[in-house]
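In the two complexes below, chain A is the common chain; its partner is chain B in one and chain C in the other.
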Partner chain A sequence: MNIKRDIERIRRRLAVTLMLLGMIASPAGVWARIQGVTGVQGPKGPVFHLTAGSFHITTPDGHSLLMWGYGIAGSKTQYPGPTLIVNEGDQVTVTLTNQGLPMPVSILFPGQHRVVATGGSTGQITRESTGPNDTVTYTFVASHPGTYTYYSGTRPGLQVEMGLVGALIVRPKAGADHAYNDPATRFDREYLLLLTEVDQAVHTQVELGHLDQINNTLTHSTLWFINGRNGPDTLYDDNVGWMPHQPYGALVRMHPGEKVLMRVIGGGRELHPFHTHGNNFTLIARDGRELSSGPGQGIDLAVSDYTLQVQPGATYDAIFEWTGEKLGWDIYGTTAGGRPHTCVDNDGDGFDETTHEYCPDHEKPIPVILPENQQLTFGPFYSGSPFLGVLGNLPPGEGGMNLYGGMYFMWHSHSERELTNDNIYPGGMLTMLIVEHPSVPIP
Partner chain B sequence: MGAVLLSLGACQAVTAADFYLCAGKTSLVMLDGSSVPMWGYALDDDNDLTNGCGNPVTVPGPELRIPPGDTVLNLHLRNDLPVPTSIVIPGLPASFTPVTFTDAKGRVRVRSFAQETAPGAIGTYTWNQLRPGTHVYHSGTHVAVQVQMGLYGPVIQDSGWQEAYPGHRYNNDMVLFYSEVDPALHKAVDSGSYGTPPGPTSTIGYQAQYFLINGRDLAVHDLPGAVAGQTSLIRMINMGLENHMPLIHDAHLRVIAEDGHPYPYPREQYSVMLAAGQTRDVEFKPTAGGNYAMFDRMLNLTNRRPIGLLAVNAAAAGLGDTQSSPGSLITLLHVDDDSDGDGVGDHRDNCTQAANPSQRDSDGDGYGNACDADLNNDGFTNGLDLPLLIQAFMRRDPAFDFNDDGYVNGIDIGYLGRLFFKSPGPSATRP
Partner chain C sequence: MKHNKPNTGEATMDTRRIANRLAAFGLASSLALVTGTALAIPFIQCPGDDLKSDGVTPGHDAVPEPTSPNYDPSVKCMHLIAGDGYVRMADGREVYIFGFGDVTGVDEDKVMSQGMLHATFPAPRIVLEEGQKFYLTLTNVGMVMRPDLFDPHTVHFHGFPNASTIFDGVPDNSISINMGSSLTYFYNIVEPGTYMYHCHVEAAEHMQMGMLGNLYVHAAQDRLPDGTTFANGFVHHTGNHYAYDDQDGSTRYDVEYPIQIGSFDVEFHDADENVQPLPFADMKDDYGMLNGRGYPDTVDPNPVTPPTKNGNFPSQVEDSRIVAKQGQRILLRISNLNVTRFYTLRTLGLDMEVIGQGARQLRGPDPDGNGPLLGKNVYYKTNSVTLGGGEAIDVIIDTTGVPPGKYFLYTTNLHYLSNNQEDYGGMMTEIIIN
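Moving on, here comes the complex of A and B:
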């Protein structure tokens, strides 16, 4: 018992140290960016040299899938394609070279107006690249901030399924910590949630070279992805070595009181109801346009919701906040429970200035009798304590995934069928939100 | 149609719009060459249904336009199908009598939302609480089967002239009508084998194999009519059993209404969710001419894969997607430039470089008056034309009134001066 108490004491000290470190490392105004590419600076604006090629990915159920994807020239092709990040007003140039796909390939930029395609070869919807020596160039002015998508305009029914889809982010003049120029769209962190699905049969037929055997009217998805990964791979960091063509993780982390911008994209061909546990989100934009009743009216038509109907090809911006407000108990524990702390609300907003605790609930005990460990079944994300930033006692071998005593909430497709990897649960279109103690550094 | 003109001519006195339709059989030849039986509607050519309709049956059925202000709609239906049928319009109130039957287990079940018209008979369906909007009419009998056979069509009423809803004016409008076909189901229903094993006994196995826009599975659907700087109203309708997602490239749209109900505020989007059975009204105001590609982002862009000989035929025919299934089902919205900004697109403007919204062309030579001072039609504007203009001076003669201000005056002499020694035009309508 003494050893346990010592460990607990060390953990508490560590937490305090981390809190101090965190306050040093996270001054106001620092925000987490989505991983993406900003291109090389050309004479007129950013230039992105993209290739399209094929590669394999391994899904958590053990399948190996042939994918087609975009990549930055000289780097790996990937699923989804690289997230292109530009600034409002930029003249953007994107070149595309087909590196070995057995048919032409192209890019469409829905939501960008007057995209000019030059070079390459004539296609049905836009100009295309037919091979390594046939480069097509697209230029447009990113005239309006927002979240957008891009995908192939060549046989899109097949090529989007194969993975030729990505995200485009246009940062507003108001600054990179704003989604749009309206002050109400400022955020502390942002995350990309690009939703797709795969019908393995199509990928098998493409790999076997049976392109003329594919029947588009019979597609039947069996794998569901966020940012090109199936759960639980979604929880891993960006750029982990064992998923070389799936660089983008989807784990969402935040501190209480922060504004998290969700940039959600319907990348596939199906509808996905994306559900946030923990709290409602506020939908502020659709298809790169603020939800507004008119110019100068701000985001007055923003709506609060907990399930976003993500439609294929459409994009959404939503602000998610979590504070513990009105839970009715103190998220940091009580003095009587051995967790003394203060709640100081200087500005009258109801929250502590540092921990963002909801002061009206300060010192209110959690309204349940916490069961003994013997009565519990454990999951890897349980810290052993219901209180934020606290690591409680766990039986040997239990827990272990929750390093900082955070609160875990699942964000997932509410079509439960999509929480599987080829019929194996859990997996598919799911990730986690971790609300971390304010002292925990979040990159 | 006669009744429509009647009510247009005397809309204060007559407020009912009457349309005469026949429900009947037809067939569609798909891109892969196969023929699929369809049921649809035809518009009568003489408002006398006793002698048939005279016009071919189409899918979707004819576009019915109720004049603004009319308060009553009468649809007269002749049933040339082998089974009873009826017509309903979702969203418009009506007093209809459902038809029931008793099934093998003794249960009373509804077969039809509205009173049926028997095969060979003529029935009338009346709506007396009309509301402006983009609506659909479709069969109200054995809906799961008859609607997907093709018994649907647009019925449209504006709130005013070129005004879809109060405050929503448009310059031109077009219908984008999505539907699908499961050929196996069509064959079973058309042949009467549906409902009796081994034929299908329900639509649970429905599998759309062809995707139609405005009733066709064309590789590219051309949708002309839009002009740069003007507002086109696209009336989107989905009468398939699946959802579709029209998505336009190079532009945003303003979604103004759903199921015939205007939104409090337009929604600016480039993608439009079109659920099965739904209508949406969308404003498209392109800033520049060109082709704007729109396609179903649910990627129902190719028909079923042709099998056997059909595959060979499809490839030989050079169809858009020869490596796979025929069809690409892309809609190209052709937007005409408007160089002179008069609201008439360059490809049909009789003066492409001179603004003339009226398009007046008094001598009928294909050059509008605004760019045609060649009054004696000798090919050039010259000294011979001036006396002709002076003869008409200060008269109200539109033939010499180049700028359409009501009088032949000094301004028109100025026109003649600017055009002096030049040929008339340029014009896009010069025959």
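Moving on, here comes the complex of A and C:
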């Protein structure tokens, strides 16, 4: 079957990815930050000089798609647009210059109040840039921390489909390791998950110059993206050279016990049910506003779920944690099984002070016998062992993409038809979380 | 392009095709027998299960015997087959499915023969108690109608908290079980709530094809000693049931019903049955269902008339009719496992109070993180709820003062109130208040 062959091809690509992931030395940091831009410092605050232009991307099914995207002036335009990172209270200035799109272009900043647009040309919703010599300037005060989106306010049905969408992050006064000023919103790592979809036919029509024949009401998606990439490209590192206009990966990595902030954006026009394998998350904010009943109440309305209903244009902040608590067996293996390790719980919270192992399950063997190898099909990300941080023996040609014995959990749209790239499964709106052994460094 | 194939004149061809494929599969099975007889007997792992169903013969049937030295009352075992089969839609059309079937209690040496072509839809309901140790054996009996496929299968316990990869059922990240073999999953059940399960192998295909089922966990609070008083003054009595360990009685219910939203694109099912390329982007479901049936089959307490193509095996045994006495609190465990779109369900004449989602009580965080203070209940009343695939919510319908009669639960995506071309059907069921 062709599909099987395609899967095999994708798997081979993934193998290369993971090898590269392992080889690329990454700079050490206290905690992982979302890749983005902080602008240049102007007299009043950060200034972002953006352009809008067109480029091509190659999707995993082999298509070449014309895209439109925002970019930092002097750099490549990209899909999605550059993630703008500012601090609470900043007076933010964004300029936009249209570098060759065949129609005017603009930016809306949902969730920001009193956005002032100057220069450029008059447009329907906001002021626009019509060409290289027509620059529009937007200013606003980033008065509230949170996760936001920005996208074109000019023919948005077409232009967002074409790629003119991005993320805006406002860091709180409490510090860059907090989502909001509430102490309960502190995190160890943060990841952007911007969900979009594409109808290839629209992009073909634009490329052919048939702009007047496009009917936005007939769009029929065939490709689904996270951070501008289709699975399995989502698993590649940020800034890989062969995806010059898609700089943002979506691979999530964490250690047991860490708090991962998910900044999720419904960047397209469809709803997507985004399911986190591995554990529930706690939803703490929507559209850049904490789930709080009022001042001083903290995030008292935060709730837990295992599938996030991501609505078009909406943004969400959620905190995800994983420890392997109460599995009923020792996730690190047992002494009898040749995996001796300690579990020290001094403060009585049930967890080891450094590894976050759940001590009541320490030394409990896995309760079932796993089938023999010839009875099994192995996934490329399977370590060969049920235990965290252990690489087991696998038959030749099986597995091999799991470098550190981590636990891979798929994070994906649960409209499974979206796990495809133009009808080829698997792909589309999927990425992975890797829970790595505590000893494995994560950049 | 979509077109509806008439279902006439194909019976003879289908019968011949089935015969051919059974022959081919039989051949494959005998080859397996020659190369390794161990593959033919499922490897059931269930502590305390030492005897076959006659209670005398040593062997396994996934049912523990209380007399066994290994018996543990907290152990729950289940044995599922994964394979293929047929269902009959509410308009009479027979549709090819992949699915699970319940063979708990079937002797190990009879599982293969009883499991083949006997997939059910929805998948067998899994009901667990908080505190149980759940041993779930999955035996892949192969797909009789698709002998060209060698697909493995898995169980993904959707929403299982703090999951391990090995028992998460995602084939890319773990193991999946080949034809003729068995894999036993282990789950320590610690969180009550409404979950769901499905196969995760080539998920867009296997899930559209029907490997989907209800799964929920009863709260340990049900088993508190009679007269236990909570901090808010609520007194627990034996026989009370709660959706969650709420400590305030707010999730108490009298009757519970799982309602799983689903829908099929029969064009896709026909393509799969006939070894055709599979349309994913063009997938467009045309049968809306609750618990695997379209209205009016949803309210028929009997199994749906079995399809002929699976040898008249009753493959749809679950209805979704909701019955309560006036004054009772009805818990609906609503989940959505279609793979194409969002659906909204509405009650007519009754309010729903949403008290849980994603297998958690709809409650804010514990104010100081240490108890005994409770977080805020953020329940809300509504008469419509919207769920995408993989979402679940718990609602309580309080029937106090509700006039007895027939009420409806139906989708407001009104074009799914039909069984393909047949109107007055689809994603609807009845709530009967006596």
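Definition applied: the second predicted complex is superposed on the first by the 414 of 443 C-alpha atoms of A that agree within 3 Å, B and C clash if a C-alpha of one lies under 4 Å from a C-alpha of the other, contacts with A are read in each partner's own complex, and residues count from 1 in each chain.
The criterion applied here is as follows: a residue touches a chain if its C-beta (ideal position, glycine included) is under 8 Å from a C-beta of that chain, and two chains touch if they have at least 3 such contacts.
Source: prediction; values computed, not measured.
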Three-chain arrangement built on chain A, chain B and chain C clash or fit: fit
Contacts of A:R417 with chain B and chain C, given as first, second, both or neither: second
Contacts of A:L301 with chain B and chain C, given as first, second, both or neither: both
Contacts of A:T217 with chain B and chain C, given as first, second, both or neither: first
Contacts of A:H437 with chain B and chain C, given as first, second, both or neither: neither
Which of chain B and chain C A:P110 touches, first, second, both or neither: first
Which of chain B and chain C A:L271 touches, first, second, both or neither: both
Touching partner for A:S293 - first (chain B), second (chain C), both, neither: both
Chain B versus chain C as contact partner of A:P380, first or second or both or neither: second
Comparing the two partners chain B and chain C, which touches a greater set of residues in chain A: C
Which of chain B and chain C A:R171 touches, first, second, both or neither: neither
Superposed arrangement (fit on chain A Cα atoms) - minimum chain B/chain C Cα distance in Å: 5
Common interface positions of chain A, toward chain B and toward chain C: 271, 293, 301, 309
Interface residues, chain A side, partner chain C - complex: 1-3, 184, 220-222, 271-273, 275, 277-280, 282, 291, 293, 298-307, 309, 322-329, 331, 366-371, 374-382, 386, 407-410, 414-417, 419-420, 422-426, 432
In the complex with chain A, residue positions of chain B that touch it: 207-209, 220, 243, 245, 247-252, 264-265, 267-271, 273, 287-288, 293, 295, 297-305, 311, 320-321, 323-325, 328, 330
Interfacial residue positions of chain A with respect to chain B in the complex: 103, 108-115, 124-126, 153, 155-158, 160-161, 211-218, 266, 269-271, 286-289, 292-294, 301, 309, 311-314
For the chain C and chain A complex, residues of the former touching the latter: 39, 43, 45, 133, 135, 148, 152, 156, 158-159, 161-166, 168, 170-178, 180-186, 188, 190, 202-205, 207-208, 277-283, 336, 339-342, 357-360, 362-365, 367, 375-376, 378, 386-392
